[in-house]
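Chain IDs A, B, C and D follow the sequence of writing; residue 1 opens each chain.
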Amino acid sequence: MYREVLLAHNEQPHHFYALSQPTHAAHGHNPLCGDEITVHLRIESDRIKEISFTGQGCAICKASASLMTLRLEGLSVTDAEKNAQGILKWLNDATAEQPDNLGELEALLGVRKFPMRIKCATLAWHAFLKALNQPAISDTNKESSASCGCCGNGSTPNGKHLNDGCGCGS
Amino acid sequence: MAEATGNGGCAKRPLDVASIRDDFPSLSHRNSNGQSIVWLDNSATTQKPRCVIDALTDFYTNYNANVHRGYYEWGQRATEAYEGTRKRLADFIHADAAEEIIFTRGATEALNALAEIIGQRYFQPNDEVIVTELEHHSNQIPWQMQQAKRGIRIKGWRLEEDGRLDPSRLEELLTPKTKLLAFSHLSNVLGLIPPVKEIIKRAHANGTLVVIDAAQALAHVAIDVKDLDCDFLVGSAHKAYGPTGAGFFYGKRALLETLPPWHGGGTMMETVEIDRFTPAEVPFRFEAGTPPIADIIGFGVAIDYLRQFDWEALSKHEEDVVQYAEERLSALSFIRLAPCPTRRTAVVSFLVDGLHPHDVASLVCDDNIALRAGFHCCQPLMKRLNYPSGLVRASFGLYNTREDVDRLVVALKRAVEIFKR
Amino acid sequence: MAEATGNGGCAKRPLDVASIRDDFPSLSHRNSNGQSIVWLDNSATTQKPRCVIDALTDFYTNYNANVHRGYYEWGQRATEAYEGTRKRLADFIHADAAEEIIFTRGATEALNALAEIIGQRYFQPNDEVIVTELEHHSNQIPWQMQQAKRGIRIKGWRLEEDGRLDPSRLEELLTPKTKLLAFSHLSNVLGLIPPVKEIIKRAHANGTLVVIDAAQALAHVAIDVKDLDCDFLVGSAHKAYGPTGAGFFYGKRALLETLPPWHGGGTMMETVEIDRFTPAEVPFRFEAGTPPIADIIGFGVAIDYLRQFDWEALSKHEEDVVQYAEERLSALSFIRLAPCPTRRTAVVSFLVDGLHPHDVASLVCDDNIALRAGFHCCQPLMKRLNYPSGLVRASFGLYNTREDVDRLVVALKRAVEIFKR
Amino acid sequence: MYREVLLAHNEQPHHFYALSQPTHAAHGHNPLCGDEITVHLRIESDRIKEISFTGQGCAICKASASLMTLRLEGLSVTDAEKNAQGILKWLNDATAEQPDNLGELEALLGVRKFPMRIKCATLAWHAFLKALNQPAISDTNKESSASCGCCGNGSTPNGKHLNDGCGCGS
């Protein structure tokens, strides 16, 4: 499971910082381990101009997030979304075919054999998709949204609240 | 374990009762007189096929581990097998998704869980819950307990003299305050199947939730929760050729999402602080602590075992034996059958003139025949139909035969002879 | 099954670990590299001796029947075996009478049952319940749920920096409104045993009921409920070499008599009408529906298995291995042990510098070592001691050896090497 | 289990009627089957002058009650109590020795091997002991007490009420 590529990305993750001027952001929380990742985006003219992540997670999680930022930066929103969905399908569904041009992401292949660790590998990708589906962060509330931006009213559809992070429960 | 691998879709194993009996090690038992066992207490619990017993041994010998947490191979295998039962069961009762199946230790626990969480979410003081006089205590008392807890009122659905549940009675019973109706798919005393779909339709027209007790039905009636459109349904593994200690409730996903957690503990939560917690998603929200892992895995194997047969063939065989029992017993002058307005399914209950039911059950033991006497956990039913000392009950499974019925008839004749002297 | 027939009184089987390991079929497992399994996840669930597995097969093969009702031989045998576990367990924990043992499906269910029935009977709005920061979620959330239900308040007993539960803190915590104190006999994270007797004494001096969570302690600490004078105590079979799906709570008879029933269903009642029931006597009042019969029978066999050994010898062996683990791990520069102010019992938790705990657990899998990482269902403890990603935990049973520890040390070194590259 | 003696006593039970002038009476209820037996006593000068039973039960129960009436009638209260306790111990405890002079009661021997039926055989004996321990029925409330007499206040120590019979929950 711990391929060379993953170990390298874990040790020196790419884009591991908070964007100063994000247009979108979202948390991902893995309830199995308590780890949290925030994905930050700057979208301009329907293109992922900049992407970064913050938070803590295991090696699989950090490496996957790092690989994701490399993969998605610069893509059009539509392409990035398709890409992310393809990777998630491949990771989650043992019978799914391997997407084309995986590149370094192929290093995640080993994780698919460990269902209990798949959430580690998918955490950042889910957060990315969630960020895409958030309303854009307006200039006026950028300050607070930079640390969250994942929900409008502070509660999830099923009425739960978390007591940490942004308090939105997502 | 070829017999355990059949699934819903493939070619079905022919219904050869002799070969079925060979699958059940306990059926080869003989008493000290060399008489083989006649197991006619299937409504209490069924015997178990070898593949179910082997599945338990396999788990404890080859991959014994707790579920949902361990990264090592056994933890993964255990989790897959455990979650596999959820899928199989969902498939078996035609649920939309595996997440609509919540594991419990049995039907009784499932009904208690439902009463508590539905009650918490939906019951207001003066609301009404309808329960029929046909119900097993497990489908009575959990609702009764909600009376004291939430100020609701139980309304009894009276049986007709012939044991029938007449759906037209619902017109008087249903009011705007009727939050829920609970009834069984198959009576463990009369062998009666009520017009389930019609009753559900009428209840739903009134905005009333419906809970189906399928503890008895699971092994004998093809269940399609989508077709029935029931909101909740419960069952037990041990009454369907599976191990003791496992059961489930089904709930429509959209309804489950609205319900609070049941027990508190591991698995059912996301975050915990010293004085608060946030619940996990469905279905884990309702499953706290280490589950009966081996039993749930065995439950899955029991379902596979059942599903290798064509359901029609299986029903036809059981019908044949039950009908034969009805005929042979009715032909005995000293037997009075309990009423059943429809075709009897799996169960035939009766009285023996001049003999107390409990004496009958004891007397046939000598011939290695296992049946049961008493109230069968249905005191309101016994009161309604006026059986102050209960009934003798013979209940059938897929391995029972006409020969079993013949043995029963001989034993009953002998019992009556002994008492005549 | 000679190994299962030992009892409390007779000559004890010598503690020969090699022969003990032979009793556990699963321990002969080897991975594809030929490495034997090192099971260090005993706090999650233990492996099962052959006699326990055989007891399940024996039940399902030779006398499978429901309990408390059937007159036929199997019904009687099943009932005797089931009730036999109640006696064995009462004996094992030195309860006054078998009736003080109530069967559940596990420790979590037992704690939920206690919270609900004690709450129903004893909790008034604004009453207080004290729970320690050491507790497993199963001993947190059931009490938290009583907050919403009955308006009580949870007060957390803060751990000292070194993980200690300081009994003198009780002086601030106990008030006239403190109805109950719940804490564990053995922490599943720190391996710490609090001063149980002293704490109980202080609580009782305040008129406060005490519930002991002995889920971890049952297999590792000699428990004497009379000597402890605890009011209630819970445990799980599967953490004490028994099957999944079985557990219990103990309660002082006089207290149990005051408590309302828990689940509704068969067995727990005497009379039932359509809208009311009368409860049965203790212990049946608390046991509704078909119990996990086979699992409870297997639980009894597991207790017999344990009791054939001299408890001192068993503790000494476990101490030796745990202490060796402590020593070897402390000697590794990259390991930081979680605090434990007293002698560690059965559990050693730690961090590996620079490695996420979950990565450690995954990495040692390759060497066929089963241990666990994360919060271990103790989020408040992790928060208090500042382990945001949890801990790695190695937990021991009577079959673990110094060699197991050596294997772990090698695997940890390898893991660190891999990450260094 | 069904010895000749038991079958005979079941068919034609002795003292199977309600006493008209009882001094003591008590119900016995077998929750396993719902059967109920009432034992009626007329005690004069510390002697069981008359004893009878009513109710319904299985053959074992009725035969045991019938045998009991024959056994106890005419004995002093002390002897009768000792007798009943001895029989109960023998029936309940598989390891207990057989009491002397069992006579026809030996027919109950077979029941001891069927734990689930022992309550049938002991029901009447328990009711007898309970009747002994009731306060004597005074002349004024004989009417109502004849049908019960087993408790003073209509509720059992654990606060339960039965909804049938005398309502005393015993």
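Couple of notes before you dig in:
In the analysis below, a residue touches a chain if its C-beta (ideal position, glycine included) is under 8 Å from a C-beta of that chain, and two chains touch if they have at least 3 such contacts.
The model shown is predicted, which means the values in this text are computed figures rather than measured ones.
Across C-D and B-D, it is B-D that has more C-beta pairs touching. Look at the CA centroids: the one farthest from the centroid of subunit C belongs to D.
If each chain is reduced to the centroid of its CA atoms, subunit B and subunit C end up 31 Å from each other. For the pair subunit A and subunit B, the distance between mean C-alpha positions equals 45 Å. Inter-chain centre distance (subunit B to subunit D, centres taken as mean C-alpha positions): 38 Å. In subunit A, the positions touching at least two other chains are 32, 34, 114, 117.
Taken residue by residue, subunit C touches two or more other chains at 69-71, 75, 271, 273, 276, 358, 362, 373-374, 379, whereas all remaining positions touch fewer.
The touching residues of subunit C, counted against subunit A in their complex, run 355-356, 358-359, 362-363, 373-375, 379, 382, 388-390, 418-419, 421. Contact residues of subunit D toward subunit C in the complex are 29, 31-32, 34, 114-117, 158, 160-164, 169. Partner subunit B is touched in their complex by these residues of subunit D: 1-2, 4, 7, 10-11, 32-35, 56-60, 114, 117, 120. Interface of subunit B with subunit C (complex): residues 25-26, 29, 31, 41, 44-45, 47-48, 52-53, 56-57, 60-66, 69-75, 105-109, 111-112, 115, 131, 133, 136-138, 140-145, 147, 153-154, 156, 236, 238, 243-246, 263-266, 268-269, 271-277, 288-295, 358, 361-362, 365, 368-370, 372-374, 377, 379-380, 383.
Taken together, the subunit B residues at the contact with subunit A in this complex read 68-71, 75-76, 79-80, 257, 270-271, 273, 276, 278-280.
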